[in-house]
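Mind having a look at this structure? Questions to follow.
Chain naming follows the written order as A, B, C, D, E and F, and within any one chain the residues start at number 1.
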Amino acid sequence: MVESVVIMCEESPFGKNSVIESIRMAAGILAVGDVEDVKVIILKDAVYFFDKNLNPEALNVDKFTNVMRLIELSELEILIHDEALKIAGLEVNDLSLKENLKIVNIQEISQLILDADMSFKY
Amino acid sequence: MQEKKKIVYLYGFSHTNDAKFDILFEIIQEHSQLNIDMIIIFLHDGVIGTSKRTLTTEKLRNLLNLPISVYALIPDIKARGMDPKTLNDKVKGIGYDQLVDVLVESEKIVSWM
Amino acid sequence: MVSFTFVVCAEPYKYEAMDTLLNLGEAIIKKGHKILGIFLYGSGVYNIKKRIIKSTSDRNLSDLLENFCKVYNIELLACSTWIGFTGIKKEEFIEGAYREGLGGLSDLIARSDKVIFFGPGG
Amino acid sequence: MVSFTFVVCAEPYKYEAMDTLLNLGEAIIKKGHKILGIFLYGSGVYNIKKRIIKSTSDRNLSDLLENFCKVYNIELLACSTWIGFTGIKKEEFIEGAYREGLGGLSDLIARSDKVIFFGPGG
Amino acid sequence: MVESVVIMCEESPFGKNSVIESIRMAAGILAVGDVEDVKVIILKDAVYFFDKNLNPEALNVDKFTNVMRLIELSELEILIHDEALKIAGLEVNDLSLKENLKIVNIQEISQLILDADMSFKY
Amino acid sequence: MQEKKKIVYLYGFSHTNDAKFDILFEIIQEHSQLNIDMIIIFLHDGVIGTSKRTLTTEKLRNLLNLPISVYALIPDIKARGMDPKTLNDKVKGIGYDQLVDVLVESEKIVSWM
C-alpha cells in the first residue's frame, strides 16, 4: 500500500507547467483519500516559481494566485533544493510563501526519497 | 541484521541530449553513502549511450562506478537499432518479464520518465 | 500477487509512455500480478479519446488500451479538471473509461502496492 | 512593410508559444508590419479548438487567438493530417480557422518575408 | 520571400516523434507550393532513426516504412552530422537509405544555415 | 564592400536544464569564423541564467565571449521574477517592440524554441 509520495519537479514556471501541475496533483491527492503524506521537491529552474517577484502578467498570463492559495490551504510541504536557490542567485528572503517552504540539501532529498513509498519526477 | 532497503529507479531520458541526468546522479551518489540496494533501469531514451559502441558520457561513466545495479530494457535498445550484445559490461539487458520481477521485488519505485 | 497502478501524463504517439505501459502491463499480468487502474492526468488525458481514423500503417493505441482494460478488468480514469480543460466529451471516451477527480487517483494509489508514473515527457 | 508567418507546434497552456505569438504579433502590427498567417502543426493543432470552459483565473487563449486573427485579418490554418489524427471536429474550431494540407504552409512560407517557428517544446 | 528552409532535429526516434514530423513537414512543404529547397539536418540522438537495424516492432510499434518511402519519393536532402554518427558509434554502412543521406561536419551545417532563407529546430 | 549578412537566432531553452544549447553554441562558433553579423535573442526559458545574480554556466560564458550581440526578452525575464537591471553586462534587455525591429532588420531568422 502506497501511503507516502514524493513529487519532484525541475522545470521553469513557464516553459512547461510542471510546477503548477505537480502542486495541483499533490494537493489533490492529499485532499481526498488515504494518502496522507505528499511532498513536493523543487529542483533547478522550478525554484523561480517561488520568486516573490514572479510576474506572469508580463506575458499577459494570469497570476498564479489560485495555485499559491492551494499551497496554503492544503498545507502541502514544499522542499526547495539549496543548490537551485544558489544557482538562481536567490535568498530565502526573495521567496514567496515562506511559511510553506523549507530549504533542503541533496542529502535530505536523498533521504526524503528513501522514506517515501513512491517518488516520481513530474 | 536488518535487511537492506531496495530501491529501483526507472530513468527514461537521453544522457547525451538531456541535463536531467545531473540531479539523478547526485541523488544516487547520496544514496550510495547508505546501506541501500540500488537498481537503475534505463528505458525509453535512457538506453542511449549504454552500448559499448557509443561514446560514453562522463556522467554515465561516473554512475556506472557507483555501487548500483544498472539494467537496460532490451526492447527499447532494439527499437533504436542497437544490439543488446554490445551493451556496456556494467549494464545488464533485461526484457519486460525481468522488469516486472525487479519492480515486484523492490521496496520503492522512483519513476523518472 | 502484487498490485500496480499506472499514472500517465504524456500524449499518445508523441511519447512512448502508452506503448511501454501496454507491453509492461501484459508482462505484469502474465506473471500473475494485477493492475488496479490507470489514471490519466495532464496531456495524458488525450489517451482517453477514441481514435476514429483508421490507418493501416499506425497502431491504434486507443483500441489497444480499451481492449487491455476490458480484458484484464482495469479501471481507466481521466482527471476531470483536465477533461474539462481539453474539452473531450464523454461520448468520445473509449469504452469503459470515465472521468474522475484526483480523489480517484489518491484512492488508487492507496490501494496499490506499486505505482509507476509516466511523466509529461520532454 | 515586412510580412510574417508563424508556425506553431506546441500545445496551448503547456508551453509558452501561443502567449509569445500573441504579444509579439501585436507588436509586429503596431509597428506597421503584417502577419499573413498562422499554421498549426503537430500538437499545435490543439490551439484551433474553441475553449468552452470559462474560468475567471485563466486566460482564454482560444478567444484571444480568434480575436487576434479576426481583427488583423490573419489566416489561421491547421494541418489536416493532424486534425484528423487528433479527431478535432470542424464545429469545434475557433471562428475563421480551417484545416489545410502542408501545401498551405508552403504557400504561406513562400509569400512571407519572415517565418518564425515555435517548436514542439521540451 | 522565403524560398529555402533548413529543419534541424536532434531527438531520438521514439522519445518524441521529431524526426518523423520534421521529415513529414519537409516533404509536405516541398511537394506543393513555391518553396523549392528544404533540407533536414540530423543532429545528436536523431541519428538513430537511420540506423538500418532500427526496429520499432520491438515495442509493438509499426515500422516507419511510410516515412522512409516518403524520403525516397520526395528526394528530400537529409544531412547527418558526423559527430552524431561518431557518438552513436555508427558507420555509414550502418545506415539505411544511404542514397538519400549525406554526412556533413559542423562547418557545413553552419554554412547550410547561412545559405537558407530560414531555419528552425523542430 | 559587401554588406555583412545578418542572422538572428531565437533561443528558448534553459541553459541550466538543457543540453540543447551545445549544438547551438557549436554552430554559432562556426559562424564566428566568417564575416557575419550575429544576434542571439534569449526568450522563454532561454533567459534563465542571463542575470548577474545567477551562476553563469560555462557554456553561456563561452557564448558571451564570441563576437555576437546577445539580447534577452524583458517580459520573459520579468515573468520569471528576474530584474532586468541585473542582466549580465554582455546581455541587453529588449521588449517586444525592439524584438520586432531586430527581426525585421535581419536577413535570416533561425528559430530554436
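Everything below uses one rule, namely that a residue touches a chain if its C-beta (ideal position, glycine included) is under 8 Å from a C-beta of that chain, and two chains touch if they have at least 3 such contacts.
These figures come from a predicted structure and were not determined experimentally.
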Task = Provide the labels of all chains in contact with chain B and in contact with chain D.
result = A, C, E, F
Key: Where chain A and chain D overlap in contact partners, by chain label   = C, F
Remark   = Farthest CA centroid from chain D: chain B
Task = State, to the nearest whole Å, the distance from the C-alpha centre of chain A to the C-alpha centre of chain C.
result = 25
Note = Whole-angstrom distance, CA centroid of chain C to CA centroid of chain F, is 40
Request  = Identify all positions of chain D at which a residue touches two or more other chains, and write them in rising order.
outcome  = 13-14, 16, 20, 23, 42, 114-115, 117, 119-122
Note = Residues in chain A with touches to at least two other chains are numbered 10, 14-16, 44, 59, 61, 118, 120-121
Residues within chain B bordering two or more other chains = 12, 16-17, 20, 44, 75-76, 109, 111-113
Ask   = Considering only which chains touch which, how would you classify the arrangement: line, ring, star, complete or other?
value = other
Note = Chain-chain contacts, ordered by label, are A-B, A-C, A-D, A-F, B-C, B-E, B-F, C-D, C-E, D-E, D-F, E-F
Query = For the complex, which residues does chain C have touching chain B?
reply = 2, 4, 16-17, 20, 23-24, 26-28, 30-31, 33, 114-119
Ask   = Hey, which residues of chain C end up touching chain E in the complex?
value = 13-16, 19-20, 22-23, 57-59, 121-122
Complex interface listing, chain A residues touching chain B = 8, 10, 43-44, 106-107, 109-110, 113-114, 116-121
Task = Can you check the complex and tell me which residues of chain B touch chain C?
result = 10, 12, 43-44, 75-76, 95-97, 99-101, 103-104, 109, 111-113
Query = Can you name the residues of chain A that touch chain C in the complex?
reply = 1-3, 5, 16, 18, 21, 24-25, 28-35, 118, 120-122
